[in-house]
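Sharing a structure, written as structure tokens. Questions coming.
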Amino acid sequence: METEDYVVQPIIDVSPPKWHLGHTTWFWETFVLVPYLPDYRIFHDDFSFVFNSYYETVGRRVFRADRGNMTRPTVAEVYRYRAYVDEHLNRFFEQVELTPDLQALIDLGLNHEQQHQELLITDIKYILGHNPLFPAVDMPIDERMPDRPGQPVTLAEGVYTIGFRYSDSSSFCFDNELGAHKVYLNETTLAGQLVTNGEYLAFMEAGGYTNFKYWLSDGWTWVNAQQKQAPLYWHKVDGQWHYYTFDGLKPVDTDLPVCHVSQYEADAYARWRGLRLPTEFEWEAAAGSLHWGLRWEWTNSAYLPYPGFTTAEGAVGEYNGKFMSGQMVLRGASVATPEGHARPTYRNFFQPDKQWQYKGIRLVLR
Amino acid sequence: METEDYVVQPIIDVSPPKWHLGHTTWFWETFVLVPYLPDYRIFHDDFSFVFNSYYETVGRRVFRADRGNMTRPTVAEVYRYRAYVDEHLNRFFEQVELTPDLQALIDLGLNHEQQHQELLITDIKYILGHNPLFPAVDMPIDERMPDRPGQPVTLAEGVYTIGFRYSDSSSFCFDNELGAHKVYLNETTLAGQLVTNGEYLAFMEAGGYTNFKYWLSDGWTWVNAQQKQAPLYWHKVDGQWHYYTFDGLKPVDTDLPVCHVSQYEADAYARWRGLRLPTEFEWEAAAGSLHWGLRWEWTNSAYLPYPGFTTAEGAVGEYNGKFMSGQMVLRGASVATPEGHARPTYRNFFQPDKQWQYKGIRLVLR
Amino acid sequence: METEDYVVQPIIDVSPPKWHLGHTTWFWETFVLVPYLPDYRIFHDDFSFVFNSYYETVGRRVFRADRGNMTRPTVAEVYRYRAYVDEHLNRFFEQVELTPDLQALIDLGLNHEQQHQELLITDIKYILGHNPLFPAVDMPIDERMPDRPGQPVTLAEGVYTIGFRYSDSSSFCFDNELGAHKVYLNETTLAGQLVTNGEYLAFMEAGGYTNFKYWLSDGWTWVNAQQKQAPLYWHKVDGQWHYYTFDGLKPVDTDLPVCHVSQYEADAYARWRGLRLPTEFEWEAAAGSLHWGLRWEWTNSAYLPYPGFTTAEGAVGEYNGKFMSGQMVLRGASVATPEGHARPTYRNFFQPDKQWQYKGIRLVLR
Amino acid sequence: METEDYVVQPIIDVSPPKWHLGHTTWFWETFVLVPYLPDYRIFHDDFSFVFNSYYETVGRRVFRADRGNMTRPTVAEVYRYRAYVDEHLNRFFEQVELTPDLQALIDLGLNHEQQHQELLITDIKYILGHNPLFPAVDMPIDERMPDRPGQPVTLAEGVYTIGFRYSDSSSFCFDNELGAHKVYLNETTLAGQLVTNGEYLAFMEAGGYTNFKYWLSDGWTWVNAQQKQAPLYWHKVDGQWHYYTFDGLKPVDTDLPVCHVSQYEADAYARWRGLRLPTEFEWEAAAGSLHWGLRWEWTNSAYLPYPGFTTAEGAVGEYNGKFMSGQMVLRGASVATPEGHARPTYRNFFQPDKQWQYKGIRLVLR
């Protein structure tokens, strides 16, 4: 990575790497050090609005679209900010006794940090993958990891409990996973493996992107408005499909799971096959028997509150609940997800047109 | 109504009344008369693409946004078209024996017609309600019908069957209601009455439209981008809130159920009260004990397929399934819904920002 | 014309015919009857903001883009308004003695009326020409009038006087023509005839719309953004170019002067020929020797004030001066211009992308 | 300057500093080294489309809006590119004999370079001036240079020769200055000094930005759409107007010439004073008696070709001519203009809404 790569925001969804570093640092400063470390002095008065993301409670935001025009603070300054906050966090851990509430806040901060680690990878891929030079860089993830052989998983009809239960586990969860509750499922069989690039290519070659009948109405509008013909990062070079990877532009490997597809594409592919995507409940009920973790797996469940969901007071309460409109749930994890961040109850969510995460397709076979 | 009122399309959602007349007529011509009435000659070659709505299978569409610029065919011609098709439909009913498939098609046509009857009313209201003269017109609906006294309805925790069953009823249903299936519900209590204008005014006066914390993120963006301060058709005149009705501009009647709110507004109102909207499953399970029918009632369920949903072959298959993305379910019926068109399993659906139907709010109390 | 044709506004430039009728009537009421006819009572309180166009001085406007959604007042009401104002204008002419200032105001009103007569024709053509049925209607203009044979006109190098002089004429002029002043011109020869459809077709067939080098930068952006391939109203049907006329869709008549071209197209055509458009000064200096009046003739002069131009006080002062930015001058008149409205010093003006007037091309040959 | 400052493109008009460096280098490589230096090998195959600006002749462009998302090539690589080209240019000057055509091309390259030197300054100012930290940087220009005392300059009525004549001067000119020609001017007096910040503040405080009557119609639309209340870079802090300078955010110095105004603002200010802007011809005729060079001075002349203007063949011909639409002429030079780049016949041009150059106002007094 070069200094230049830290600065830009090519689309509104993709934040500058520099901003991710500053924002996660700001999270610790604002929610932990300022309220809980005696005599803590903030690093810079203006960083609060420079690195706030969407916490309206905390004060005026920098408009998200402008993040990519802020050349200052420099990358070096952001690293200094991070070192300063790291140092004071060490002091905090030495001096302050962790109450359960404080421990919960620390856990939230760590998980927030992990989410931005994954976003850093996907955002850097977007920035470099849209550069006409298609630069190769070293990244600590394995984009070429193949799917493990797996068998279809059949769920019996009946009542299943969905959601995170503290009794089962000592680990952290986000508020949107809480409220374990019963869900009635019909008999269902989920595929044992993810859809591969080769299988997806067959859909493309069968005219998948040009026949409205495979597409949701919004998906068809999207395909036409964006002139989509393939997943994100795919380019046809001399008649052969290539895609951008962190190794540069490479021929598509037909054995690997398809990646960087929108929910519209996942749904259209399933329709073309005469099949469908799972719900998030089917996925969670089957998770114990699935090999998962290569791709975030699109479900056909809208991101909505579980029964009994409530929003926490204060800025932390803005974390998840307010996004429960217009987004679809993804389950699992991806090659870019940090170790230890995944669990079967985890609910990831994006608008159905978003492609830039490592997102793939698992079908329901019947 | 004047001839002029039939012609315009002030926003993309609102079709010209003339178009509704032509489109429902075209539906009968295209799907019934052309295939099933021997020797039928179509009324006009060009009306097929003029009055097609979104049936991509049937051929090139007139772009929806351009409907409001088509001054021809004239209103009189459309009525002639309608008379011609009516006459041939009579002939069809005399000559053609109704197979079950044909009967199903006729039922679909009738229900399609009823949907457009309601749209005609809501679209005319939009056209006249955005005219600076606020014209009064005669409409065969009662906008001033008060809610009946009702008691809260409590559902016991357990498994409920949701969806249309032919065994229970001989009536028609749309494909999106089929696939009766079991759903597990927690104990829930739904309000016995709809939220009134007076109750909603209290939310407005408490700063409901200016405090982000009551709003979904998309809702807050919408409120700010559209500078929303009140439900659709509300205007503050000399310090007092008025709204447009078919009787002209009138002071808001605080006893009537609030109307013309988006799902964002319904959700924000519920949050301000510390409550929530029902899911469509809760609503359907409780429907037998509710007084409903004044307002389409926003639920917090996304419009998604029931288990086992399949899309019919051909143009009729484009009816409902392809809209199963980005929309929220409304249940019940409204003062503008034709007699006989409502039933407890009916799933109406709109994007969460849409206000121009007769949409209201029923809360879940606990 | 049908009632429906009076109502719509397919693009922001094209006003509903009903609006033209109401607006010209409102002009007489507001600027003549209200200030000068004793005891005059205005026809309707709300018509002032319904039919105001861009006179900010007179009060709040109806947003121009909304004109096409106003189904009320009806066409019949607008004609009643017109009859009422006509009757009172007659009374005004009987009762009120015309001072020079009043006479000037009357002249302005008559010329304003004539401008809207031409706009009525061009706007109706736009409305019907964008209807998929391409309706034929009777119009009191001759779209098929051929150009008269004419010889090139050569101007000698030297000083010419440009602009309207009252001494030369007793007729009316607009404020933008005043300020007769001297202009130095080089020797120039203007073509004796307008460019024909056939000549323009040769440009099209030579790839004129696909080669950037003929186009101004803004013009090239426009061609690509709008996917332009021909003048407005041209459609290729079964391999042959047709255009919409008031007689319906007809094969292009290659002998007639090309019409409905933007200034970008006029300029590109001239460049393709290795020639150029005249300035408005060259045109005016040559006007006495030209046959003109079939097409408004695009010049390559920006619409800017003559030396000594001043803006009149009050609403009438908003007439012309404030548009002196971003527009290009057209000279002459067209088949749609009312008799007596044309003169050699007349300065018509439009943005360079506008096509919907009867606009053509005269070249400078050297 | 920091590396980060080289990368971003906050608005489409403002190119990344890195791009300016690469583009001017590419100009020398493409137009001089490749055709004229034997055995020259281009530095990098892809830089041609990365650093092309608007030369359609030379091949596919990088979309202008994407310049700000290209983090590669890095700043260091661009400097290496520059060093490589500099070195080969030295070799070129040693090896190649300069024909007059080649000398003209070199002159064009040098002047192109100077233009981008000025753009570099204005673009860096935009990038830093829109950073919430308002960073101070060292720049080799004097933003605080005061206007020299000057007397009004009166032109006698008569014929003046306008445009560049080689006979008068040995220096370079752009193609748009060629074609010296006679222009007839009325008697006119130009102000001896530029409008100051203090004078402009009086306009602001008199409600200049809120009264439509001072504004061109397009200007009034711009003021409202952009919610303009002051020149670019002005911010009201604690009730006092400040502006961003390369020294950071400072109180406005009322004695300095106003800067960073659009032509709409310059025109509105003049109208408020009951005066007007000069034409470019008046300016050029008076230039010998004016003190100029602090601000590019807005004229009220559209940027159009002089008589006899022709476009050069090939890519160099795209330099100026194709922009002769929709732009207004500025005359003079600014504190950011490189020494030796200015001359009385120089025609600078921008759309009338652009503010980010060092643009000021000189009035015509009568």
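Here the chain labels run A, B, C and D in written order, and each chain numbers its own residues starting at 1.
What we mean here is this: contacts are C-beta pairs under 8 Å (C-beta built on N, C-alpha and C of every residue); 3 or more make two chains touch, one makes a residue touch a chain.
These numbers were taken from a predicted model, which means no experiment stands behind them.
Participant: What's the overlap between the neighbours of subunit A and those of subunit D?
Facilitator: Output, common partners of subunit A and subunit D: nil, no chain qualifies.
Participant: According to the touch definition, list the chains common to the neighbour sets of subunit C and subunit D.
Facilitator: Joint contacts: the list comes back empty.
Participant: Just how far, in Å, is the C-alpha centre of subunit C from the one of subunit B?
Facilitator: Between these chains, centre-to-centre, one finds 44 Å.
Participant: Report the inter-chain centroid distance for subunit B and subunit D in whole angstrom, where each centroid is the mean of the CA atoms.
Facilitator: 56
Participant: With chain centres taken as the means of their Cα atoms, state the distance from subunit A to subunit B in Å.
Facilitator: 35
Participant: Send over the residues of subunit D in touch with two or more other chains.
Facilitator: Counting only residues that touch two or more other chains, subunit D contributes none.
Participant: Take each protein chain as a node, join two nodes whenever their chains touch, and name the resulting shape: line, ring, star, complete or other.
Facilitator: Contact pattern: a closed ring, each chain touching exactly two others.
Participant: Taking the touch rule as given, give the residues of subunit D at its contact with subunit C in the complex, in rising order.
Facilitator: Checking each residue of subunit D against subunit C gives 54, 56-57, 159, 181-184, 186, 212-213, 215-220, 263-264, 267, 271, 276, 300-302, 304-305, 307-308, 311, 322-326, 352.
Participant: Spell out the part of subunit D that touches subunit A in their complex, as residue ranges.
Facilitator: Interface residues on the subunit D side: 2-10, 18, 46, 49-50, 62, 66, 68-75, 127-128, 130-133, 135.
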